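Given below, in the form of structure tokens, are the structures.
Below, subunit A partners subunit B and then partners subunit C, in two separate complexes.
Right after this comes the complex of A and B.
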């Protein structure tokens, strides 16, 4: 009979995570860490750890530079995407992931995202949308919702002053080739998130074209919310403005 | 006088450093205050470098400190470099484990041990632990008690609207710390390692939480479909509460394992054939 009482149990880490760097540096309850755990499991299931190169952007995403047991590079403000495109051109058999936040991808480095999508580069982009600039202390991002309060919009985001929230996947799906994969998912839904990440990586492995996944995420520290309120804001308010689904 | 304060981010190291610096300034002394922390918003080691002098200060950093205040285990490697023979080491013996003190045991000549966290949980809230340590450091500072108390009142003026008791609570925590210094200090020791029960099992399943990875975010508690998980008084590595499961209610559905951003929960389920 198997004895369960003193059985040795290992933490639920993906194999591709670097164990020595854990506990990682994200805040308690961070949705980005959750997305990275799901990305780790997706890499495990596809069995591509040896061929994979990982690039992270600046912002909270730079905290992932020792997250994975993968070759990693870190670049500035959306420039991780052209860096990874360059790597892919030099070594086409590798599988590259550019990991960025909404500040890097939609604001400061938006040119790179748009042009890379236009060229249909065979890379995978994973973008975290938490509706603010989290690392610098919660300033307004292009994805901040109307009337959401941030440190730079203390009265709430005004439509006539700052425009409407940016819908990245919808925007890219208008300019992109049919072979591309564009989707939006949410970090709190393990199954859906993993499936879409896997599809996006598979699209690159098959050599079809650009693949892009936007992941809605929580930021309890800068939203100033408790656990339940963070979950509610992410799953109800954010998904109302940013509908989940596959766009291409 | 060089003072180094070290603690986990969120324990209030920077707030007491600010209070000391401003009180010293009002007492007519020269002072500099230099915060030092990593890129994390939460959870890194947070340092504060304070210099208080009767003459001009030309550089805010220093190589050795006269007073070192430590609130957490992880700061030992950092403060080791700043210890000298005449340093006074003030530490929280209800938060720092005995084994972590081994690293600096040979270097510490003078110390004050203050069970700040324990006292704060018993009498106030856990957030007042820093004020107790502020009270403990006061006799070594050479600043009047009334000057610090005035500064505490000013510092919490804005927060009074939300919580009217906050100033009184912090003042009494501060005075409590002042009382604690008068007690004789015996052996240089910390908190004994307590075994935390984190693995729960019955004949079909194992549920385990890893205190060395758990950050106490509460997502598992919020998401459990059968409300089997609840917080306990045990603490994880950040000083946050640890979750515990009622194994009889648990259905081993894996929801908590999937939602944990830190990979700190593992659920294993066995079919009856596997067990037999």
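Right after this comes the complex of A and C.
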């Protein structure tokens, strides 16, 4: 008798995802869930589940505190990177990831990102850029585009008031050692995203130094966009300002 | 055991090393900077010691937490505005029951404050952060005590898993005194070992958080922490009593002012005055029962502190309901000498006409 394939096929979950905590806690259409699924597959393929510690920041990133079947710690806002730097120094054979948003990395924790990069700490940072502060309801982020409306820029971000959007990977690549790995990718491109995440983690495994991947990601709830408009804003508008690529 | 000429800062670091600390994080700030320097020098010789000079005290606090999660005895040291920044990490440690240790050489506020005398970081250290003040706070009265309490603090922190602090000030931190150094085993002090919170035994993965979806979840967690703190308190509290038996006036003072008060008691006893001292060594938890007991049959309290009343509030709270007159010397940002205390006691004696302390 022929088996009914559909009934036997489980959703394609990464092995390193914690099934009991699914469905995930992100809003429908959120790009972070995609990015984290890709991160999960990257961890599976590298086979590092048992020696990895996953740290998450505050903001939407805190929703991942039990997302993975990995030893995990959730820190205060902006402070996940120093927490993971301390862990790595104390246990150099571990593989550590600091997962954060554009607020955690480019605003409230920017000094940690800059100094950790300067020290070439052997840690991996995954940062979600969705051009706004999503957990608190869509305020301006350092990554908010010029004339993009947020709840704190109701007339759109004005350059003369708030300056230009911050380009994290470009900035870090200017101050960092050549052994570092710095890239920008997008959560809608599974292949590119996974390849860059894997390269970043591999850089840490090889003991070369700091690695950083910024992932452009959709935020339909705070962008007030439907599916197509969300994809368009992410894939067309954001990539125009934030080009994908490897910077180091 | 040997006797060495050390500053308080040196003594603290020697004590930390003797107690098994392996990792220090920090950001330079007067009058604590030398602790980092001494640790950095020690780490050059002893390769098992690790050191991270961070970009600020927030980073120092959280890197310390990261190392603690990995199972390494880790600590930091700071002062004044650095203590304010580090509260971010201490709040997290308090709520996650992580055994942090920090040396705080207090600075007299407001703002950056002064760097010699101060007892103005009592509020911040005991009760800072958006928590309930479930912290263990020692107040050292000498360089020797900075050494002794360093050894004790690591054990207390890892045993009870609450953020633990040693308060001192610039005067103690920078003054050279003869200090008896020893290894814990020479005094039969058993060292509590550190264990990893993450990547420990292979098996089920652990997810540690400090975010809660339901108010009830957090409420019950805090209640659990609070009862653990209450339960441990009797074993944690420490104090020194000086000539209390027949005393009519009891001086309440802590830290370096406690040392002045002890000297004042000696001077006054020489004149036949019936004066004693109660010096809490732990400000939090406060040795409430012992403090209350010390007042049986006493007539007056003299509070002395280098602050406008941070210690006074703790004492009054703990002595609530006791019918006893309280006088005080409060000198924020300044030290208090034994002579000033003697003078104050004599004033009190005169003002309560007909009352004699002798």
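By definition in this document, the second predicted complex is superposed on the first by the 241 of 248 C-alpha atoms of A that agree within 3 Å, B and C clash if a C-alpha of one lies under 4 Å from a C-alpha of the other, contacts with A are read in each partner's own complex, and residues count from 1 in each chain.
Just so it is clear, a contact is a pair of C-beta atoms (placed from the backbone, for glycine too) under 8 Å apart; a residue touches a chain by one contact, two chains touch by 3 or more.
Being a predicted model, the structure only gives us computed values, none of them experimental.
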Q | Three-chain arrangement built on subunit A, subunit B and subunit C clash or fit | A | fit
(Q) After the superposition on A, what does A:139 contact: first (subunit B), second (subunit C), both or neither? (A) neither
Q: Considering only the touch criterion stated at the top, classify A:74 as touching first (subunit B), second (subunit C), both, or neither.
A: second
**Q.** subunit B versus subunit C as contact partner of A:153, first or second or both or neither
**A.** neither
(Q) With subunit A as the corner point, what is the angle to subunit B and subunit C based on their C-alpha centres after superposing, as a multiple of 10 degrees? (A) 100
Q) Regarding the shared-chain residue A:50, is it in contact with subunit B (first), subunit C (second), both, or neither? A) second
**Q.** subunit B versus subunit C as contact partner of A:225, first or second or both or neither
**A.** neither
Q.
A:188 in the overlay: touching subunit B, subunit C, both, or neither? Say first, second, both or neither.
A. first
**Q.** Contacts of A:120 with subunit B and subunit C, given as first, second, both or neither
**A.** neither
**Q.** Touched partner set for A:86, first subunit B, second subunit C, both or neither
**A.** second
(Q) Just checking: does A:202 make contact with subunit B only, subunit C only, both, or neither of them? Give me first, second, both or neither. (A) neither
**Q.** After fitting on chain A: smallest Cα gap, subunit B-subunit C, Å
**A.** 5
Q | subunit A residues contacted in one complex by subunit B, in the other by subunit C | A | 62
(Q) Which stretch or stretches of subunit C touch subunit A in the complex? (A) 22-23, 25, 50, 52, 54-56, 58-72, 74, 88-89, 91-92, 196-199, 202, 205-211
(Q) So in the complex, the part of subunit B that touches subunit A is made up of which residues? (A) 38-44, 199, 201-203, 205-206, 208, 210, 212-213, 215-219, 221-223, 237-238, 240, 257-266, 268, 270, 274-276
Q.
Going by the contact rule set out above, which residues of subunit A touch subunit B in the complex?
A. 1-2, 4-5, 7, 9-14, 17, 22-31, 33-34, 37, 62-63, 134-135, 137, 188, 190, 220-222, 226-228, 231
Q.
For the complex, give me every residue of subunit A touching subunit C.
A. 18, 50-51, 53, 55, 58, 62, 65-66, 68-76, 78-80, 82-91, 94, 111-112, 114-115
